[in-house]
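So that you can tell them apart, the chains are marked A, B, C, D, E, F, G, H, I and J in the order they are listed, and the count of residues begins at 1 in each.
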């Protein structure tokens, strides 16, 4: 039996098809009807898509049912330490390394003992014009969860 | 010669004095006249303070000149892999692990080949009320730097 | 000679066949006549199956003798550090990181010097309804083994 | 200024005082009025105690205000890879290594895409008599959190 | 309160006292009335001793009640990767690296799916005379535990 | 030129052929005329076989000259850290972690400064009946080598 | 759909074609019209090329459109720890290990708190004749970025 | 006997004395009569100083003979992976990660098979004014060594 | 375009051809006209060969132009930590672990501050007869390089 | 009881005393009557000394009985990965990384399957004059041990 396409193979198909078709991630997100970052992450293999979402994406990208089947698969969201060294991604980890303890202090002061959820969570990226050079603005927005026995 | 107090020893003094005096990080930041996250990070050893900033913080906290001298010191901002496993901090790294490739795609699509600076950079944390449970909102705001030869 | 199918290839076949046939893990476990978690683990490659168990599973899933042969193979149960970073699995390891020393203290207080066996051992997962949100309940149940010379 | 006692130093004091006074963890938990595993974990440095909880524990154990101050401190709950190799604790990690993928499959099948919270979470340990040797039963009970954008 | 002496400090005292008194490990084991390897391991911090065992060892070695208290403490038996590189110890790990898969095959063939317990377990070391050079003979003897649901 | 079959490919052929032919490792060892553990290790790729030994094994297993050629190849005996986490093999490493320093003390006391050879070395595994459950007995037997300049 | 050629496959094609055609990196850079080190890095997969640059390189090298497509792809610039151990590359890392703290001190003294950008950055390599043996001269030239909130 | 001050303790003394005296590294280098980067590295513990150099530095910094003795000591120049994560230092390693293979190609093309020496080697750091922001220029200058049997 | 054969594939061809032809490494070295260890290392992929050397080796071994092309390729000489655990190779690393600091002291005492070059360097291996068992003698011979600014 | 001085503390005393007394390692070796490298290694903590050897060394160095007691102690010869990155020591490991597989091939060709002992083993370092720069010559000389069941 031909096994389900892996998330890595699915992402490779999506990346190829998107570039050849000259589509933006926003155009795909609009077609699928889901938020931009969520859609991009899902197409790269980090969220399962519903059958309708997968079909819409594949229709726009000109990809087949095998890709759609793979997009619906429940993923493993494992950490890839090599990916974390890509400079575009590394700067975020570095910022957390520098400011992580301060964020921890301020979250505990404001909310008490607990965490920002990474599951009940959204992330957004946008451009903020600035005369000294435009800025990348990334917002993490997660439900506070208190340690509750 | 008594060596300058290390950043770790300085932070221990600040944490102790703050708790015993019952001060919030915001009250210290107001006294020093600097942004909240920056001030917290600096007092925990991640930024050097000016002489005036250090003196203001130590006066409020009832700490001596040795602490003020240590606050002025240029820090090493080294990564601490153990700190990164604290659940409050880990959730941020996990979110980057899940969404990092999507952020990379979207930054390159919007800005071209480059990165969000972690140096010309601010971070802010706030509470957003929500009927399903208030939310932690953390904003990364860094200048876009394009790969430029 | 065609080598025996690896456990990874077997699991890929099982995952594919299960999804395409629309079967639940419970339905497969009922067919095989073995406990739910054990059956799932075995089909994913963590326990060897008897010839009868393997045949029953493959019949239900529409898989061939090569898969059945692979299911009977004695596995290596090696640790995969990447898998451990998947958020669904990571939370268990994090809980052990937070509560492990407390569990150790209480096991020694109640039983003396020794361990909970991970071999003479069962694990169960269930849903517990709760008005604040249903809960995942996972029970580890292992024979106590005392350090005995 | 004498720095606040570290969580490690606090735990060392608690362990020493408990053994010399011949108290069980249950007796301390009864005095503090909190669950057994939570109390043990808090006294070992993994949860902050309220002022009343810390005072009650220190009174029973004959420990001073410096220990009580340390018990109230917000902890870092960092992972300690050496502790994870202690056989009593290792067996739990090994069980997760063997059964983690099966738990993941079954949680997703029952609840959909999401995780068991390790924050809105309790853990319990008990003895179950068994003619073939009594058993250690550890129950993880955490709120299900679905990936929710 | 003076904390209980750590296992490392206890071992340092034992090693020092043994060498200065010119005692063999066998003489200490005879005094304590316990097997040779077990006794050596316990004095080096890997097993808790009973009050009588600890008292007997300390009497022979001329060590005080603080050491005896430390000997009774329940240990963490954590792995130390540096110790594993000492050549005398490394050769055992290397032998397992070379022969581990063969041992696994033969244990499963003889006993079925399971393990040799490292808890219900003894180890012995002896000298076997040989004209080509005497030999170190180390015997591991552990109860077989079958994977039993 | 078709390259020599790798040791991994050879072992895969041996494992497959042995299971399909229903042969025990002892039967193969008897045919080859070599000790049980040595033979198993050699067939799994950890020792080179002579041409006669390889031919005898391949004849019994019904394998071709390409496998025999691979069995004669001088191996790399590299460490595989993942294999070491298989529970059946891990227990041996754990026992060394617990008892290694004691073995080192006793070897030095009995023999002086040196090591047990892992090269001039045999290992044996056997079953010892025991009313409380049969036991796995593994014997390491290596020539003592003293540090000799 | 045939996926876009990976950067590794592209680099393998470039390396092969360059050697077979007997071209120098400088000749390729001249053809592409870009700086030497930048061009070499881009062809090895570390920078995306424009369509014109990729076409020029492929024309000179006799490579097809699939390679040109791969050259235009946005790369991951992940760290490869094995590559860093190649002696020609390792010496640079070693020099940074020896002189890194001195460079840090001098950058902070001259510029204040900040970094040399690795993005707004050029690197050059040249030969400097020397009677005691010619010298490799590598110049890093990056914009200073001050920590600026 | 009071042991020689470690290089770490010496560096701590130098850093403290330099800051309290308000001296620049250049002023110290001028006094010692050695190049700027070399002097800074030596005072931070990476090169041994001659008796005259150490005496001159200590005289200027107001430090005693114990520091001078430590400055003369032959150092271990070990790598410190934590230091390498400081952002000011990390950018250099990142640049090597991105451009290392290109530098290797170009060195081999220009010089043949060999390396840039990190021993017969100098490094310099300077400021280059630039209307878009001044630049940090770091030059590595090492003798080429060819692989020569 | 068929890519150049990798060094790993080239080495696999050489190893296969050498064994099937029954040639010694010395015979190949004699044919190529280069030193024994150098030749062996080059054929295993650690040095580039000249066109003449590669042709001579391939002629003797009966290998084609594709192998010869691969032999001429400039190699990456990356470290392989798994290879370093092979017992035959590990003993050298262990000896350096035991004697490294002593070698460092004696090199510095005899030569001053510097290193033995591993580039301007030869290594030789020979057998030295000894009535207690013949000995492996390996000589490292490298030019001394002093730290020279 | 004052614990025996650790090997690290002993080595620190030896290094200090040697430098202050202006003695060479050879002079100490002559006094002790043992080979140069062995003596240096032993004084740095890698071999136990006899009572006579320790007394002779301490008499020459002007060190007390506590140091002599420490010199007699059986050492742990653990690997220190940081020490291995010191350039003087690293070059040896690099050479093994480059030539290790060649040495393995040649040892097996000459001696059969086995290793060079690192226990029945000597190492020597000497200077070889050379008009192009004197050379460091290090000889490893160990008994061949064949894999012998």
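In this text, a contact is a pair of C-beta atoms (placed from the backbone, for glycine too) under 8 Å apart; a residue touches a chain by one contact, two chains touch by 3 or more.
Not measured: the values here are computed from a predicted model.
If contact pairs are compared by residue number, which of A-G, H-I or C-E agrees with G-I in over half of them?
The chain pair with the recurring interface is A-G.
Taking each chain's centre as the mean position of its Cα atoms, how many Å separate chain A from chain E?
Result: the chain centres lie 50 Å from each other.
Approximately how many whole Å separate the CA-defined centres of chain E and chain G?
Going by mean C-alpha positions, chain E sits 54 Å from chain G.
Between chain A and chain H, what is the gap in Å from one C-alpha centre to the other?
It comes to 42 Å between the two C-alpha centres.
Roughly how far is chain D from chain J, going centre to centre by Cα mean, in whole Å?
Taking the average C-alpha coordinate of chain D and of chain J, the gap between them is 47 Å.
Please output the residue numbers of chain A that touch at least 2 other chains, ranges allowed.
In chain A, the residues touching two or more other chains are 76-80, 83, 85-87, 94, 97-98, 104, 108, 114-115, 117-121, 145.
According to the definition already given, which pairs of chains are in contact?
So, checking each combination of chains, I get A-B, A-C, A-D, A-G, A-H, B-C, B-D, B-G, B-H, C-D, C-E, C-F, D-E, D-F, E-F, E-I, E-J, F-I, F-J, G-H, G-I, G-J, H-I, H-J, I-J as the touching pairs.
What part of chain H is in contact with chain A in the complex they form?
Residues of chain H touching chain A: 85, 87, 90, 94, 97-98.
Under the stated contact criterion, what part of chain J meets chain H in this complex?
Counting only chain J, the residues touching chain H are 12-13, 15-17, 19-20, 62-63, 82-83, 85-87.
Enumerate the contact residues on chain I facing chain J in the complex.
Going by the criterion above, the answer is residues 24-25, 36-37, 40-41, 44, 46, 77-80, 83-84, 86-89, 91-111, 114-118, 120-121, 123, 125, 127-128, 130, 132-145.
Touching chain J in the complex: which residues of chain F?
Residues in contact with chain J: 34-35, 38, 47-48, 74, 76, 104, 108, 113-115, 117, 119-122, 145-149.
Quick one: which bits of chain D touch chain B in the complex? Just the residue numbers, please.
That would be residues 1-4, 69, 73, 76-80, 118-119 of chain D.
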